[in-house]
Structures are given as C-alpha cells and as structure tokens.
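Below is one structure, written out as structure tokens; comments come after it.
Order as written gives the chain letters A, B, C and D; numbering starts at 1 within each chain.
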Amino acid sequence: MADVRIERITKQFGQAIAVNDLSLHVRDHEFVSLLGPSGCGKTTTMRCVAGLERPDAGQIFIGERDVTTLLPRDRDVALVFQSYALYPHMTTRNNIGYPLRLRGMDKPKRDAAVEETAMMFGIDELLERFPRQLSGGQQQRVALSRAVVRQPRAFLMDEPLSNIDALLRVTMRAELKRLQQQLGITTIFVTHDQVEALTLSDRIVVMEFGTVQQVGKPLEIYRQPANLFVARFVGSPPMNFFEGELRSEAGETVFVSDMLRVPVVAPRHAPANRVTLGVRPESLTVESAPSDGATRAKIALLEPLGYETIVHATIGSDVVRSRVADGEDLAVDQDVWLRIGSELLFDTQSGVLLS
Amino acid sequence: MQPNASASNAGKRALVYLVLALALIWTLFPIYWVVVTSLKSNAELAASTPSLLPLQPVLDGYRTVIERGIPRMALNSVIVAVGTTIVSLALAVPGSYGLTRLGLPRRIGTPLALAIGFALIFPAIAIVVPMFQLAVRLGIYDQLGTLILLNVPFNAAFALWVLRTVWMDIPRNIEEAALLDGDTRFTAFRRVLLPAMLPSLIAVAVLVFIFTWNEFLFALIFSTSPRAMTLPIGIAAQVPQHELSWQIVAAAGTVALVPVVAATVLLQRYLVRGLTFGMAK
Amino acid sequence: MSVRSLPLATNRPGRWQAVQHLWQIPEQRLALLLLLPSLLVVLLTMLYPLIVTIRMALSSERGQFVGLGNLTRLATTNIFLESMSFTLRFSAFVVIVSLLLGLGLALVVNSIYVPMKTLWITILIIPLMVSDIVSAVVWRLMYHPTIGILNYALSLVGLPRVDWLGKSSTAFFSVGIIEIWRSAPFFFIMLYAALQLIPPDVYESASVDGAGGVRAFFDMTLPYLRPVMTVALMLQFIGATRAFGIIVGATEGGPGRATWTISYFIYRYAFRAQQMHFASAAVLVLVLLTIVAGVLFFRFVWVQRDAA
Amino acid sequence: MAGEPSRERTDGLGRIDRRVTRRQALKTGAGIGAAAAAMQFNVISRRSVRAQGATIRILVPQGALADGLTKTAPAYEEQTGNKISVEAFPYQDLQTKAITLAQTKSGEYDLYFVDDPWMPNLQPDINAVAIDVEYGYERDPDIFDVCYDVFSWPPPYGPVPQSVRDLGLETHQYGLPIVGNVILYTIRKDVVEEKGLKIPETWDDALAVAKAVTDMDAPFYGWTARQAGGNVDSIPILWSLGGDILDDDFNVVLNSDAGLRAFEMIKELDQYAPPGSVTYQTNEFAADFLAGRAMMGMTWPGDTLVAMEDPAQSQSAGKLLYMNPPAGAPGGKGASVLGNWGLIMNAFSTQRDEAYDFMTWITSQEHSLEYAKNGGVPFRKSNLNDPELVAKFPWYPAQAEALAAPPKWRPRTSAGSEIVQLYGAAVQIMISDDLSPQDALDQATRDIEDFMATAID
C-alpha cells in the first residue's frame, strides 16, 4: 500500500491541455474520486498515474518512488477499465491469474490465489468461462478480481460502474465500498457520476478544464462547494441560482434581485460587484400560503418520486427546483410561496464561494 | 387474414427452396462435372451425348497427371503459398500494429494506409515485365523463392489492409490492461494481442494461402522449368491442344479443387471473417 | 496472499530481450520502424517497375527513344482499343450480374425459412476459393461443343445448341458467367454479413410505420447495404478488369481475338510477341486507369470506414 | 519492317541486359538479392544430380511428343548411363519459355524442342550450337533436305529479314529434325467410293465432295477443321489458291484476289463442318474421325493419326486416304505447310558433348523409328517408305511425298508466329461471327500491319 502524490503535472494533446498544473495527494488507504464532466482531465490524470500517459511536466510519486518515467508494469498499480478490458482469448481463471503469471508465480499457488479472489467476488463458478460467455456484471467482477488478486500498491478505476445496469450498479457500489474498506488499498476512482463519488469516497476531487476545483470530503463538497462550478455540478437536482447584488439595509446584509429579497449572512470579504445566491432544492421550502419573507411562485411541473417530490416553480422567468417530502396537495399552476432556508453566496464573476 | 398469410408463407418458402436448389446446382454442378469428366474414358468422351455418370470409370487421367509431375507442382504450390503466407504475415502483423496502435498522427498514418490500399488494387500485370527483367539479371527467375518474393507485396498489402481493421476493432484497453498487469509493450503484443486476434490472423493466413495457391500470372511467366511450376500452370498445361484427352485436365482440375473445397468446408468461419474484412464476426 | 514479495518476472535475459529493447523506443518512431519493411516491400514493388515501365514505354523495341510514340501508336491500334472496350464491358457485365445474384442469395439465405445457414454459406462460397484457371477449365468442360453438358441439356428441352465459346457475342457472356460464378459469392458473403449487422428494430419500426416487405427492402435494407455494396462493387470491378487466367484457361483470347482483356493484351505483346516496350505503354495506360479507380475507390471507402 | 541497318542485336528484353554491368546489377538488386540469398532458393539442386553422371534436360511440348520421348529415353539411359530428363510445357508456353531461356543465356536445358517457325526468335547464331562447325555434322541423305534446311540459319533460301541479312552470317546447321511434321489432307476414301465420288484434285472438288456427303442429322460432316485461336491449318488453302500473308519483302499481301478466294473457300467449307467446330483443338478434330462422323480435313501426323488409325478406338481406321493438299486449279499443285520440330542444342549448355550424343542417337534411323512409334513422327525417307510401317501407318507415303515436294515454311521473321496467329484469329472470327471474307481479310491485314509497325524483325 502506498500514497500517491501528484505534483504539478501538465499534459497536453496537441493544442488541447488535458491536465493543467495539477497537484494531488492521495493518502495511503484512502479512496479518492476524481469527479467532473467528460473532458475535464480526470481520466488523463489517472492514466498518468497508471503510466499509460507520460505527463509533459510534473512528477508522480507512488510511495517514496518517483514513478513519473517508469513503465506501467513497474508501478505496481492496477487499473479497472470502463470496458473491463478482459483478455478475450483467456478464461476467467487465466484472466485473473495473468498478472500473477507475469510475476512468475507457479501454477498451484496461482490457482489458489485466483480461487480465493474469485470466491470473494462470487465468481468461482465461472472460472472456466471465456469473457464472451459472461454477463456485464460478471465481467466487471472478473476485472475487479484481476486487479485485486495481486494486491497492488494502488487501485485505479476508470468509471468501472458505468457499463452495468442501474440495479446492479447499486449493488456493485456497495461491494466496492466494502472491498476497499476490507483491503484498504489506496484507490483513485474516476467518475462523472456524483452519486458514486459521494457514496464511495473518502475524499472527492472535482475537476474542470484540467484543474482541480475542489478537494474535500463528500459532505464538504456538497455543503461548501468552493465555487459555482462545483456547486452546479454536485447535487441532484442541481442547486438553484439567483443573480443579484448585496445591499446593506439597516445593519443587515440583504441579497436583492429582480424577484428576491433575502437577508443573508454577510461574507467575510465583501464582493466588488454582483453576486450569485445558491440554494439547494432541499433548502427551499414550499408553502401554500403567503407569509413574510416568502416569495411567490407558480408551480410549472411536479415530479413525484415516491419518497419526495421535486417541484419546479417559476419566479418570473426563472425556474427553481425544490424537493419536498410530501407534495400530494400541490398541483400544477398553483401559486405557492417559497422560503429560503440556507443559502450560499458566490462572486458572480470569479465564481468563488463568499460565505 | 390467417389462412391467406400462411398461404403466402408457403409460397415464400417454396420460392426460397427453389432459389436454394438452383444456387446449389449453379455452385456445385460445374465441380461435379469436372470430377465426372476426370473419370471418363476417351471413348466415352468422344460420344455424341455426354452422360451424367462415368459409365466405366477409369483413372487414366489421374495416372497421366501423376506421370506429368502434377504432385511435384502441387508441392511447389504448397511451398510458394506457405512461404508467401509466412513472409506476408511477418510483414503485415507488425506493420498493421504500427499503423494503428502507436499513435501515428493521421497526417502520416492516413497517406501510408492509402498507399498500402492502393497496392491492393495495383495490377499485377504491370510489374511483370520489369520484374522479369530484374529476375533475369539477378539470375533468380524460375525459382520458388522468386515466386514468393513476387507474391508477397500484394498479399502483404492485403493482410495489412485487413489486419488494420482488425486492430482498430481490438480495444486499446486490453493492451493497456496487460501493460499494467506487468507486460512490456512487446510481451503484451506477443502474449495478449496476438492471441486475441488469432482468429482474424488465421482468416488472413488462409486467404493469403488460397490466393497464392491459385496465383497464375507470376507462375506462368517466372517459371521456365518444373522446378518452379505451380499447380495452376500445371493445370493450364493440361488443356488439350495436341492430344485427345479432356480427362487429363479434368483430373488436374480435380486435384487442385480438392484442397480448396476441403479448406472452405473446414475453415468456413475464418474465411467469412477474412473475406468480409472482419465485418462478420 | 503474499504476492507483493514476488518480483515481476521481467528483466530476465532471454531470447526476446533484444526485441524488447527495441520496443521501448518512442511510440511513433517504433510505429514507423514496424511499418518500414512492409512499406518498402509494397511501395518498391510498385514504384520500381513503374519507373522501368515508363522508361521502356518511351523507347521502341530497338531501344530508340520515341517519346510518346508508343502511346500514340496504341491509340490507333485496333487490337488494343478492342481489348480495352472488351475489358470494360466485360467487367461491368460481371459486377452487375454478380451483385444482383449475390444480393438475391444473401436475402434468401438470410430469410427465416432457411435452416442450417452455416452449411449454405459454406457451399455458396466455394467458387470464391477456386482459382481462375481451374474455374475456366471447369466451365470449359461444361461449354464444350461435344462433351459439354450444357448443349446436351438444351437439346433435351428442345432448344437449339449454343456456340458457348465460339462466337464473340456468346463468348462474352460465357466467359462472363465463369467470372460471375467466382465473384457472385463475394457479393453474397459481403452482403450477407452486412445483413447481419442491420439492427432488427429497424424493421420493427419500419413495419410499425407501415412499410411492407418490398418497401422495407428499398427503404431500410438497401440503404444499410449500400456502403458494403459500394466496396464490393469497386473491388470486384477492379478485379474483373484484371481478368487473365480466365481468358487463358477458357478461350486463349478467342474466338479470333474477341476476348482479349488488357492484361491478356499486355501478356501477348510482352511475352509472346516480344514487344515489351509497346506492351509497357499499355501497362502505363492500365496504371493510369488504376489510379483513377483508386481515387474513386478511396473517396467512397475511406470516408466510410475511417470517419466512423 | 525494313529496319535500319544495325549490328545491334535486339531481343525481346530490350537492350538493357546486355549493357548492364555486373556491378550495376548487383547494385540494383542488392536488396532483393540479399533476401533471395536468405531464402531457400534452389529447391532441387542441379549440381548434386550432375555429380553422378550427366542428366540431359530437354524442353519438350506437352503431349505425344513428350510422352513418346519419355518412353524412348530409357534405352538411351541404359546404354550410356546418362539420364534424360523430359520437361514438358504446353505448346503456347513452350515458345515463350524457349525464347526466354535463350535470352537469359540460361543453361537450364541442354536441348530444346523447337517448332520451326520459332527459329528466328531463337537467334540460333547466339543461342544455339552450329553442329556442322562444332562437331562436323554432315547431312544424312536419308533425311529430307527441307528438314535440314528449316533448322539452318540464316535460311538458305526464301525471304530473309533485312536485319538478319545485315549481320552477314554464314548459314549453318543449328539443329536436327526430330519430328517430320507436315500438314496432310485426309479423306474417307470408303465414303468417296460408296457415293461414287472422285478424290478431290482441287479445293473446288473438295468443297463439292463435302457438300455431297454432309448429313447434319446423321450426323456426318463433310469438312472438319481445327479452328481454335489462330492456328495455321487453313494456310494450305491460302497457298494452294495462290495467296500469301507476306511477300518477299515482308509486306502484307493477304488482301488479294487469291486471298479473297481462299477466305471464301474456308468459309464455304465451314458450312459442312460440325457445329461448334470453331473452337476445335486437335482433340475435338480427331474425335470426329474417331467417331466416324467426319469426311475430310487437314491433319498433322504428329498429333493423333496413330489413334485415328487404331481400329480399337477409331471408326475411321483403315478408311482414310492421306495426300498432299488439293490444288488451286486443275493440273496445279497443292502447297502444304511445314511444321517440323527440331532438336536444338543450347549454346549455354555445360554438357554439349552429352547433348550432341543424345541428339544423334535419337535422330538415328533405328531410334527415331522407335520414337515415331511411341508418338513421334518420322523424318527419314527409309522409315517413311518401310512397307511394314506403311501398312501400320498408312499416311507415311503421303508424308514422304509432301516432305519431298517440298512444303513451304512460315515467314522467317521473329514476328512470324504472331503474324500467323493474327491471320488465324481473323479466319476464326470470320467463321464464328459470320464476318464477310473481305472484312476478315481487312481485319487480318490491319492487325498484322499494326503489329509489324512496332515489331522488330
């Protein structure tokens, strides 16, 4: 086991900068997700760690070793691919055993290790099958087994759950979590799915345009997004944003926009200009009668999810979303009054969190 | 509706079977006829009405064909075909890997691929005269090795072209997985990629073998003695001009057909894959 | 699981070591290195003869420089012009009929009424594997005026006999049929494979939209097959213009010189009549045509496959 | 055709190979040479065979001539300990191979079977051994002079191309006849007698006989001919009627009254030929006689006469009359075509003495007879007139007569073979496509002129 240190790496493909001066320290035994939209550089970063790409600048350490120029094979890391990348001409047994074979392990010991791992993933019945005879979920387990069996210094996972169906994904997610806790292997997990990132990770790295936007524990990321990008990207349904300005009124700081007037906690640094108010849908309560401080809105759409209902309401031309626990009395076109529970303030221009 | 539908289904079924029956005759009857002719005697061949079966089968045709060295020519064909297959694949396998797998920029890769593709449609007759002169100058005409040298470029281009699409269909991730599992690029190539593409490789090898086994033009011009005569030349040579017997050429044709038909039946799956440029899996 | 203690079985000295070393050079350089042998072999095989051919085509059989003399002479030589015309007409006839036959067979074998599809495919592709010279011999036995089965079959149903290879017009079709016998299976297998790739929901949505069998064929099947059809057509057309073994085997260019193809013309002039310089001029014409065909070919094919 | 006077000898390969030095050749071919060396090239090593006594390799046309030689050779092998390797190629290829080998100065074969029209292509003064000079060979009076003359070079008489004349060569004997072929006219004399007809004296008579006996339903055909691609069997008609392809200065003179008459005659005769005969090769031609459904035709002794006179297979056996072709006009003389095969010694052979020994052995009276029985064709007066043999091979007297006539040979120019092929192609297309004789003459003339414009002589 080892920690992974990425120090100021940059990777360009032609004119396009995939990773820009990125640094990151993944601690030993830690599960870190790289989260971001496609093209944000998360996969490239991971491939640099794996050695499949060589960064143009910067260094990568695994444990004490500078691995920046080492071949993938010499880094002792395992990668689980989105496509699983099973060897089509090998049985499950040989697929899992392949890394061990390359380490010169003799067959009896290898078989024992393969069987033990297969047992762990519940695929010990499938050892003699070829990849094409396996279902997606089974292939996934084989790929994980192949990564696990040799106890690498670090796991790298490239969207490993995105090719399996929704139900199985939930199961696998739990299984991954359990596995990582059990084995305690340092893991870098690349995903564009925030739920995966939030549920699995010790820490999440949110990326965009090849740079780190925020690093933090899942709840930190959710509650204190460092900037508008993170705030927008994390959370479903997404945060509601209102653009306006801060005014001081009677010693209170008030956010004012065309439609809204909201008293807010004054930020430490007063912004130079306009600000954006961010409100999570669950911080927006829906009331059926007008009251002080509540803003009038009209329900445009209702999405009942069973355990909650997502309410889409319009304030002027803006659409806001709120999640309410019980939405049975609500109806489309009904007038409602929205109340903001807690809010975040961002500098509109720089996007930086102010509160 | 129901009875009507089933009637039209029966009609369709009948039509399909009719077409298949005709296709069967169209495909196999000429082959049947060459086999039957090879067994007929001269007297039977001189009859005004041909018979569907050899009335008194004789093996004279085969005897003559053996006397005239057809087995030797078949052996030559095997040598040329095997040699060409090995050399072509030895060139095309690494070549196609280099062309598709190693991040060659498009502005280099595309023209190179196009040049190879062009070689595919380059007429063989166009190289015959200069190559013949060169072979004469070097004293290497009428040798099996020369025939291999002549066949290799065209077949290597074919193999490259097909394998190129095969490589493009093998996910890069598989190679990368191997690199992470502890392979070098070379051992990953040898232990993971080559085995993974083996079926396509067999397909290409079989086709190159058959193309070369059937090759006529080079063999016709570059062989001046039985030392380098291949089977197609031997067969063409049996077409009677100054002698009586058609069963000789029929026998020679049968000898050439047997391995081809056998190969088709045994390797059908691979052939289809190679012929459709990997389109059918 | 004491895997960690095991070192990677890597740098042990072995027979592959030198090669392994080679493979550690930068990717693009390695790519060129791996490609180089094939490229050299393939390109030299085209370029060297081409240069020699150009040089030869510019001089007479006696070696005197004649400039474009051979080429202009070619333009007024009936045998050449007629060979050229035969080649193009012949190739067009062959590929069109082969395409129709191959398409029909592909649709039939693909139909739900056909059991044992693999067996049928195996049988139907056999002619594809048979060499041109053997095909020619095989069919020549069928066409034969006395021992052939075809005229006998015609006489059984009361039809007049046909001089299969004995008239320019019938020889055109008879030789064409031999070539069709060999190339229809190519269309069949390509189109059959392409049919397998058509997603079934296309038909389902077509039938929901109210397109019946024939309509569905023209609106759905045909557009899906078109790219494959184009490739197959072009490959086979180019192949048919090279017809040589078939001519040697079936007609020796006869009757008269009615079935001379360009390839056969070049062969006769270069190797029988020993006019290698004059033949070289014909080679140049053929190469030029190939370049034109090549450009057309890659326009269609390249865009299709590599844009994907 | 006349060509400018030049001592530069050209060959089909152009002049390149003569000018290239060893070094240049090495340079050009270094790559391929290296690759060639790396490969197993000589699958069968010639040297190892030669170590145990000479193996004389002979290039022979596929068919009866090769098969006969294979049967005759063991006697020689037993007698001398030398081996005879008979290597057979089909007729059309043989020409290409023999000429190619000569041009490449190959010692591959020690002896070539050469059809007489190929003599100019072979350039005997360079590629063959003059046996009269080298071995003091003297003509045997038992062999027809024409059979010697045709393998002498330059031709002792008849038109000779300017370029050959310019070389100022002396005529020498470059080969010995091995097959005394000459084209014969054959007719079913039993049918002639039965129907009260006359043996034709002229081609008009022949046409009349053909017409009289033809019964398409029987079937019985008045005329049968080999007509496949560019053969020469109709030339006797052309010559007998006074036409020719080339004149003495190698101008195309086919398009004449005599030429037209000949083409008309050929076409009219074809009306009485079997359907499909337009693609006939020798075997189909012979099959009509074997099946007893043919009346007359032009035939070469070398091919199938043994079978046609074999009662076991042939219904025409014993019923055929052989003669020199009919004449153009009453009282005239028909002209036949000489088609001898010669045994030529390769100038680049490394075992000339052994080759010469075999040449003289196989052409001796005794052994040439043996060869004739096995499939060859006699060229000796004594053999052709041997009563015992004549009883068995009834065409021998006619053949002797034709050879003594003597028959004409085909044009002595390197373009000769192709010219005759183009002529034959026009004849074939006239029949197959129902071209008018005049159109066929025009096509032949144009094709031959086109061809000669670029040919070397």
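By our rule, contacts are C-beta pairs under 8 Å (C-beta built on N, C-alpha and C of every residue); 3 or more make two chains touch, one makes a residue touch a chain.
Owing to the predicted nature of the structure, the values given are computational and were not obtained by experimental measurement.
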Query: If you take the mean of the Cα atoms for each chain, which one ends up farthest from chain B?
result: A
- line: Highest contact count belongs to the pair B-C
- request: Between chain C and chain D, tell me the centre distance in angstrom, where each centre is the average of that chain's C-alpha atoms.
  value: 38
Task: Could you grab the centroid distance between chain A and chain D? Build each centroid from C-alpha atoms only and quote it in angstrom.
output: 90
Field: chain A and chain B, separation of their C-alpha mean positions in angstrom
entry: 54
Field: Interchain centroid distance [CA atoms averaged], chain B/chain C, Å
entry: 12
Statement: Residue ranges of chain C touching at least 2 other chains are 8-10, 24, 44, 56, 144, 146, 270-271, 276
Task: Could you list the positions in chain D whose residues touch two or more of the other chains?
output: 13-14, 92, 96, 100, 228, 287
- request: Find every residue in chain A that makes contact with two or more other chains and list them.
  value: 71, 73, 102-103, 150
Contact footprint of chain B on chain C as seen in their complex: 8-10, 16, 19-20, 22-24, 27-28, 30-35, 37-39, 41-46, 48-50, 52-53, 56, 104-105, 108-109, 111, 113-114, 118, 120-135, 137-142, 144, 146-149, 152, 181, 185-186, 189-190, 192-194, 196-197, 228, 235, 238, 241-242, 244-245, 248-249, 262-263, 266-267, 270-271, 276, 279-280, 283, 286-287, 290, 293-294, 297-298, 301-302, 305-306
- line: Seen from chain D, its contact residues with chain B in the complex are 13-14, 16-17, 20, 25, 28-29, 32-33, 35-36, 39-44, 57, 59, 61-65, 70, 87-93, 96-97, 100-101, 103-104, 106, 108-109, 219, 228, 281-283, 286-287, 290-291, 293, 300, 302-304, 307, 313
- prompt: If you look only at chain B, which of its residues touch chain C in the complex?
  reply: 12-13, 16-17, 19-20, 23-24, 26-31, 33-34, 37, 45-46, 48-50, 52, 91-92, 94-95, 97-99, 101-105, 110, 112, 114-119, 121-131, 133-134, 152-154, 156-157, 160, 165, 182, 184-187, 189-190, 210, 213-217, 220-221, 232, 235-236, 239, 246, 249-250, 252-253, 256-257, 260-261, 263-265, 268, 271-272, 275-276, 279-280
- prompt: Which chain B residues qualify as touching chain D in the complex?
  reply: 42-43, 45-48, 67-68, 76, 79, 83, 133-134, 136-146, 148-149, 220-221, 224-228, 233, 236-246
- request: Could you pull out which chain A residues touch chain B in their complex?
  value: 50-52, 71-73, 75, 77-79, 81-90, 98-99, 102-103, 146, 150
